[in-house]
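So that you can tell them apart, the chains are marked A, B, C and D in the order they are listed, and the count of residues begins at 1 in each.
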């Protein structure tokens, strides 16, 4: 039956991509990182893979883009592997915020002033400071290696133009990082922490890479194709829970209602999602809706999840 | 295997209830409704039932208590059955707030000033105004009938002392309701809406009643014992999603990480939760933690979910 | 010289009123109280009186209008006379808020949850509950008598249409009052307190009445024409200080910079202001700017204060 | 009479200083700049000077301390002299905030995200970026020269230990500056602006220096002893208005009620205040109350103002 579903997807996805692509005109490409403003506004691509390695691609699935916030799922996992649960949850909470991903309100208003969760910017910056390594370079190297391992792509690397563009203009992330430093949340020099953060946000991927990474999550930390155990199951569980409650910015609640799958989006238009026990899915559509998620990508996932009854709920 | 698990639960729950009961000393009974302050601080009881009607009880499972916020799950469902999805989601959003359940901040700060979700107080008051009925009395009657149907308990009724106690002292809920009225969210007279709200919060139940209601959700709207279809499946899905993202006040994220089941708590110390496709669970423990959830009840559910690997994620 | 200034004002004001009247087109008449929406948008009138009883009128100085927030200055004074400083400042603070006059944010965010000052709505409602009197009727009667005394106008009375219009639609003030009740700020029944509040807001005046009341403040509590001591000097000082720091809603800081006189505005377009030791001034111009002050009235006062160097600073 | 008042002050101040000094035990020395934590907690000193150059000193009036926020009054004036009113008020507002001096809430919540006034930290940082000069060094030199001129003290200079201590630990000010940069409020590199800001905060003074600077404000910009015109009168008026509405952090409203004089405090425990047309006053008392003002200093000024009836109101 799973094969049949893949076959149906092979038939349906090319058409669905084209109809949902029309929504791109109603969104906007992210511009707060100048380099991102160059993304093709009407692109939409998807790649889906199952445990047997069967896959479906449709649309602009070969487009390369930077992971941006999608990387936060995997730095969280690495920080858990480096520090254990208590080491991580001393520095970040477990709650959705209801605020924008770059809001600083709760850091000022809610004691003890730690980020509410690891998937908002403040939380992900705190997580960056928890990656093991003697230097920012070593930390970043470890992150990149981990991402290469999960994506099964040894050539994964930074988009240095995006990295520099973000690093040069990230006044709001700097503001947040200094606030966290003042609240006692960050270890080490603020600029060092930010460098690790900007680097992992700028790792360049395709839909295939995201689908491979998602496939590992869909199989509780094991690459089902190679059989390799890459992540302890409990940390995958934590990651999938956060993806469900906080993965789609402050549209996570709506995404849970309409799609019902663990997912994480980025301002580059990427979305990584998964059907537990079955598929890893990578998607890109740089035209964003008002909440910062791929406008056509979210619609495509709604159509897929509702057609095949994929919701966890 | 499901039978075996029930058997194991029959053996384990009495001990687990006693060890977790010790946590009651670290919490507090709710006092904002004067009548609730009379609840027994060291009570802890649970009832679990499966599709075959097999059940386990432990501790003070016969204690009666008012549903309080637990009722919000079912008024949401009734409002969906009365108005459809679009009729409901015009008036309430789908997002967790990160704020206290009675916070008014986002009503003032975030346009268009509708409640973020139907499970915070503001949202549940908005939902009360959406229940069909010519008069507050008729609306309340319909709610009570619906709850009787779901709990399979024709004698379910109000605790009128709690109803009056809440109605007399609910200045904050009144404040919220008038704010919503000003924002154009409420239909009808504010006091009429509040009467419906206070009444459904004061419906008196036991753990068995909650477990029966939860069992219907666990089986997608059908009572698995009678085979009766009571709720359209889509509305159950919506309810379970909200229970997962917003059901445990602003500790919902942590509950999702540590327990991973759809659940709804009330300030009376009740918790309704479920294992999809399997169990309905009702629990009561009036001693509350800092976030307003049963302190011993949450710990007991963590132990159960982790032992039997029940998390959705 | 003072006489000369009056003579110059007699010459200049009619022209200044006409030039500033043109600004009315850039503002809006208040609509949140339905009855106020009927005010003439292009009206502008002023009355100024000195200690010798010499006066100047220009424009629509005979227009009648309700005091609205202007009344808050005088209920504050009466509450001080009834309760003393400590009796009042237990219930309201002394600080500007930076927020809108009807904001509830600080009541929730800043402990102990008392209104920041007596001139925002929340503070004025708290003040209404402090007026001495056995019943709401008696409290309202005492307020009206006090206002009649200060304005030297025995026929001062309510505009009952505005009173009813506000009472019927004041959901936001009701919301605030219930919030204050919950925070322990209000004595007595919420609706009783609100009735006192709505009544004093709806007292109907002309520019002449306001100028007479202001004249008493300008002379430290004594009516300089009759020589009668009506208010203890310290309470006048307190009132004038609040008028300077908080009298013009969240444009009070700007008004202090540009005009530099104690003043209080109302959403009916009235402004009461004074030149200490010299003039009482009443003004009306129902077209409001974005901050809720008479758009032409503020401009006229800037021109007057800057021409005659009236700023306190 | 003014001479008589000076004579009375000469008699009374030594005793008043000693009785108010007892309050120091109820406050705390600022510790957020590590170097400030070394200040003597029970020190209290005052210097008052009139237009004839007659002066009174009492207590620890020779203590040296850094200006901290007191400097903001004079950088505001210099920025006005460099840019005119519109050049300054494009970048900072005119309103009290009701929030802590280092709060960032309103920068995020209130459009257009410019600081509410020039005396909170965010506003003063914006003002630092408006000081004319080709380089941070040149800007800082111009500020120091201006302060030397106003204080009539050619040897005024930085306390470099405090400067470095603040510069090294000012994570919250850095956070604020990057936020302002993101909001488009700051010209130039953030660290350059902050350097100008940290330097003027660390200018080292005695009560005599503050009294001299205040004397110039008390006489509308002219040094009444030398007759030199140092500041245009309008800019003094603006400065005095801000000192009245926002000069004592979020206790400015209370200070206006209880003292009624334009004043500016700093976390070093300094207060600069003035009696218009008469005295310049400098004061220091490093033990701070909960709002960040000298606990004994505020009490001493209340006693002085109430005894001699100095309130503007």
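As a working rule, contacts are C-beta pairs under 8 Å (C-beta built on N, C-alpha and C of every residue); 3 or more make two chains touch, one makes a residue touch a chain.
For clarity, every value in this text was computed on a predicted model and none was experimentally measured.
Touching chain A and chain D together: no chain. Note on connectivity: the fewest steps through touching chains from chain A to chain C is 2. Averaged Cα coordinates give chain B a centre that lies 48 Å from the centre of chain C. Distance from the chain C centre to the chain D centre is 32 Å, each centre being the mean of its Cα atoms. As a whole-number value, the distance joining the C-alpha centres of chain B and chain D reads 55 Å.
Shared interface positions of chain B, i.e. residues touching 2 or more other chains, are given as 109. The list of touching chain pairs reads A-B, A-D, B-C, C-D. Looking at the complex, you find that chain C touches chain D at residues 93-99, 106, 116-117, 237-238, 240-242, 244-246, 250-254, 256-257, 260, 262, 276, 311-313.
In the complex of the two chains, the chain C residues touching chain B come out as 103-105, 108-109, 171-172, 174-179, 181-182, 190.
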